[in-house]
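My structure is below; once you've seen it, I'll send some questions.
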Amino acid sequence: MIEAFYELFLSRYNYWMAIILMLIGLYALIAKQNLVKKLIGLNIFQTAIFLFYISFAEVQGGTAPIYLPEGVDALYVNPLPHVLILTAIVVGVSVTAVGLSLIVRIYEEYGVIDEDDLMQVVRGR
Amino acid sequence: MDAGLLPAVTIAIPLLAAVLIPIVGKHENIREGVTITAAVTMLGSVLAMLPPILSGSRITIPLLPMVPGGDLALRVDAFGMVFALTAAVLWLLNSFYAIGYMRSLQEHAQTRFFFCFAVAIAAAVGIAFSENLLTLFVFYEILTIITYPLVVHVETPAAMKAGRKYLAYLLIGGIFLLAAVILTYILTGTTVFVPGGFLAGSGSALILQVLFLLFMVGFVKAAWMPLHGWLPAAMVAPTPVSAFLHAVAVVTAGVFGIVRVAGWVYGMDLMASLGLGIFLAVIASFTIVTASLFALTEDNLKRRLAYSTVSQLSYILLGVSMLSIAGMTAAMAHIPIHAFLKITLFFVAGAVIVSAGKECISEMKGIGRKMPVTALMFSAAALGICGLPPLAGIISKIYLALGAVEGGMPVLLLVIIASTVLNAAYFLPIIHTMLLQRPDDERSLDSVTEPPLVMLIPIVLTVAVSVWIFFSPSMPFMDLIDIAIAEITGSVVP
Amino acid sequence: MIDHLPVLLIAVPILSALLILLAGWYDRRFCYPISLITILLQFGAAIAILLEVMREGTIRYHLGGWAPPLGIELVIDSFNGFILAVILFLSAATVVYARRSVEKEIDPEKRISFYVLFQLLVTGLVGMTITGDIFNLYVFLEISSIATYTLIASARRPRSYVASFNYLVLGSIAAGFILLGIGNLYVATGTLNMADLALLLPASYGLATVHTAFLFLLIGFSIKVAFFPLHLWLPDAYTEAPSAVTVLISTVMAKVSVYALFRIVFTVFTTAYVIDTFAVTGFILFIATVAIIAGAVLAIAQNDLKRMLAYSSISQIGYIMFALGVANQLALEGGLLHILGHAVMKGCLFMVAGLIIYRMGTSQLSDLKGVAKTMPISCAAFALAGASMIGIPPTIGFMSKYYLVLGAFEAGQWIYAAVLLVGSLLAAGYIWRFIEIAYFGDHHSEDRRPAPAREGPVSMLVPMVALALLCLFLGVFVEVVMEAVRPAAMLLLGGA
């Protein structure tokens, strides 16, 4: 029983954290009316995915993947996901930038950044 | 010119005209000149292919590889020539008539009109010369689309509504036809027409019967009841359109397709064993009688003629259903016979519209006094359809009667007799009204004269051809038909 | 030089985008010529590559000389060679078309950025098409997506901001899912190279990780492809974007997303997985059929021409997914043919819409009565492309539908084949609405609007007419096209 609990939850806690964060992010994305909050939700969602990647790069007892004086024989964590996530972070930042600038323009144009009000104003025009 | 290229040339000529017409559109006389030249050349091309076909050979041209199931290919055989020859001659006559009609009424959008006509005739000839079901389908759909602008030409709300109905019927029919073609390909691996049919043994009886039903619905252009609604609706079109397309090209394409399928896809033996003869006979008989009854109720001349067409087309289906040599002969013979006679009737209807502005029979009292030649031609053609010699209509009726007996379905004799009676019932009153009655107001006919010569001459010529067919039926139609029948029954060419 | 063509195909346009930026600061008028030349060069390169692939076989290019599976490789086989040629051809046509359209619809200050982003979008799409590394696919996907979000928002109407934002949100969710899927695949196999994945995955087919990866990738790409019911971003995005952008994204972007999905499903997870282990093709077939019908029905209900065409796109994407659902040789040939055919048809139709907006300032159907009189060439092009959409032979639209139906029949899916046939009739419903209004819309009516419209400028007419004529010619000469399509379909199913 304890083994099952350990098996399912504790040993895989990193995946559970990622999942919970993802769901929080998605919830914010879908349920929140304010556009900025939606964007924050998107960020949380993306960050959760990054954490997921990094977490499975972990090698027990490994160190950061930078060359040590011992050379290539030392135990490093898997560098590949780190590299991938660097790229993905850049992508995430760009998307956030575009999203925020869109929100600025929407606010300038319509005066609201709440989704329901926005729908009304857009339809009204 | 190598005879081998003539089928492609025959289709290319009207297509070339179609390309030229919008270019010279503004110069009306040049534009009409293009149409007439194309019509003459095309007729010449068709006639040039007549000798080899009459001697029993066939001309084949593969055009383009297309899809699995069939390449775009043309094959001219005797039966195809029957349709093509009819269409070519009538396009020429109809073009003259149309020029006269459109100019007299000063109709708008004439360039579009003649453009669509040219493409339509190319499609019709393409259907006649199709080597396989897929080629037939391609030209069939092109015909549907290109006749739409012609149907809605007058652009009134009523015309648009009729156009939608037309398109709905024909496009839905097209889908069924496609399904039938694909099913044929799946069952047999080919769609090439083979005299005597190639479907035998390729599937269970049920599948083959369903397939035939799919074909029937696909060929909705044959206007068999209850899928005939598009034809009376299409009468909103200008009369040259109704005359040529809906008395000759479009509807004939429909029945042509059914005869092709019966003789060259199924084969008469297979159809007999599947009970399809009886099935067709029931549909045809129902259509013949019911359409004639509807015709009796119509006061609008063109609509009455439309229902008459519906009825007459099912003569062809009736002939096929008899699954006998005489029956098939009747079916194939009625294609040109009905075409020439019916187009005369429509030509006259148009002449009355042009000269007197009248569309309803009740308003045409005594019009024969002012338009004697026209009314006389109408009477001749109408009586011809009823079966009076020396017009050719009696030929079909005799063969039908023979076929009924030969095919073992004497009950169909009753249908033929009933139909003849009904024909008289809806035609004779028109003749009576035109020729014998006095107009309600004498002066209302003052301005009425014969239609311009360019319209009148085609009317007389079509009647003349019908008479000529009666007196010398062998050349060329009956000879061609004999060859075609021999092909599909496997007997020696006489 | 020829050997390095694949990487040049990506490197040159990136440099060109930079060049447009710099040259544009100097003089705005340089933007367009640079853009045009770059895309034409790319198109030429794509043709060269396609011919080489058809002659020699798959081209593999190792980026920087690093060998896969660690290095990133660019792979061009008969499938994406075909797609590459299609998308660059459409891009070239769009660029020619775009000049006047952009002058009308984009503010002058924004024009430099517009062309830069345009170039980057094409770069991203080309990169997506020729990469052989699955994470690289994600990177290029995001490049093109971000460019798209911005391009859509650059129209004059403020509604485009909202449309772009909605697309951004949904597109980023999709990208997130795709990233998750890639991560799961990496966890299961340890490689990111597509060919390598195809080799290593079968050992793990039973793992939940692989199932999860597949689902994430499927859902993610389905959102990108706008596969019903994940299509909600598409109508607004297509309608509010500037005309040239709509042409580009409706033809090129949509097709590349479809390509990516097909790649993942057939090359990475082979048919062995999709049909035997995790039988999802039946479900996809069902949804595709619903998409075909729903898209068409919604299109008929629209009053705005662009919106109508957008819903039509949703319906047409259903056709391509239908091919995926049936997944046999004939159906895939039909699907690939439809990728080409729909790009050409829809490109032409959206170009007509753009021309109408250019001349008349509106795309509301009620304002377009009788427009065929003043813009005859445009409406004739619409009629021809529309006939192809309905499936009138001998256009390309008919050919692709024929193959699809044949494929469905052969797979025994009679009912689906029947629904497909019926669906093509629905296309007649919305195409004919425009034809009726344009050609026969009451010229008897009283309110004679002062007709300002003339036919469009030549630089917009030529690509439009060319695409319309191609609808016909590609159909008539379909056998020539099939020479490229047939090996591609065979490749997808695991053949040579």
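Letters A, B and C name the chains as they come in the text, with residue numbers starting at 1 for each one.
Keep in mind that, in the parts below, a contact is a pair of C-beta atoms (placed from the backbone, for glycine too) under 8 Å apart; a residue touches a chain by one contact, two chains touch by 3 or more.
These figures come from a predicted structure and were not determined experimentally.
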Q.
Tell me the shape of the graph of touching chains, choosing from line, ring, star, complete and other.
A. line
Q | Chain centroid nearest the full-protein CA centroid | A | C
Q: Could you put a whole-Å number on the gap between the CA centroids of subunit A and subunit B?
A: 70
**Q.** subunit B and subunit C, separation of their C-alpha mean positions in angstrom
**A.** 44
(Q) Counting only Cα atoms for the centres, state how far subunit A is from subunit C in Å. (A) 29
Q) In subunit B, what residues contact two or more other chains? A) none
Q: Provide the residue numbers of subunit C that touch subunit B in the complex, in ascending order.
A: 330, 387, 390, 392-394, 398-399, 402-403, 405-406, 409-410, 417-418, 421-422, 424-425, 428, 432, 436, 439-440, 442-444, 476-479
Q) Which subunit B residues qualify as touching subunit C in the complex? A) 64-69, 72, 137-138, 141-142, 144-145, 149, 152, 155-157, 160, 163-164, 167, 171-172, 175, 178-179, 182-183, 185-186
Q: Going by the contact rule at the top, pick out the subunit A residues touching subunit C in the complex.
A: 26, 29, 35, 38, 42, 45-46, 49, 52-53, 56, 80-81, 84, 87-88, 91, 94-95, 98-99, 102-103, 105-106, 109-110, 118, 122, 125
Q. Tell me, which parts of subunit C touch subunit A in their complex?
A. 135, 138-139, 142, 146, 149-150, 153, 158-159, 161-162, 164-165, 168-169, 172-173, 175-176, 179-180, 183, 186-187, 192
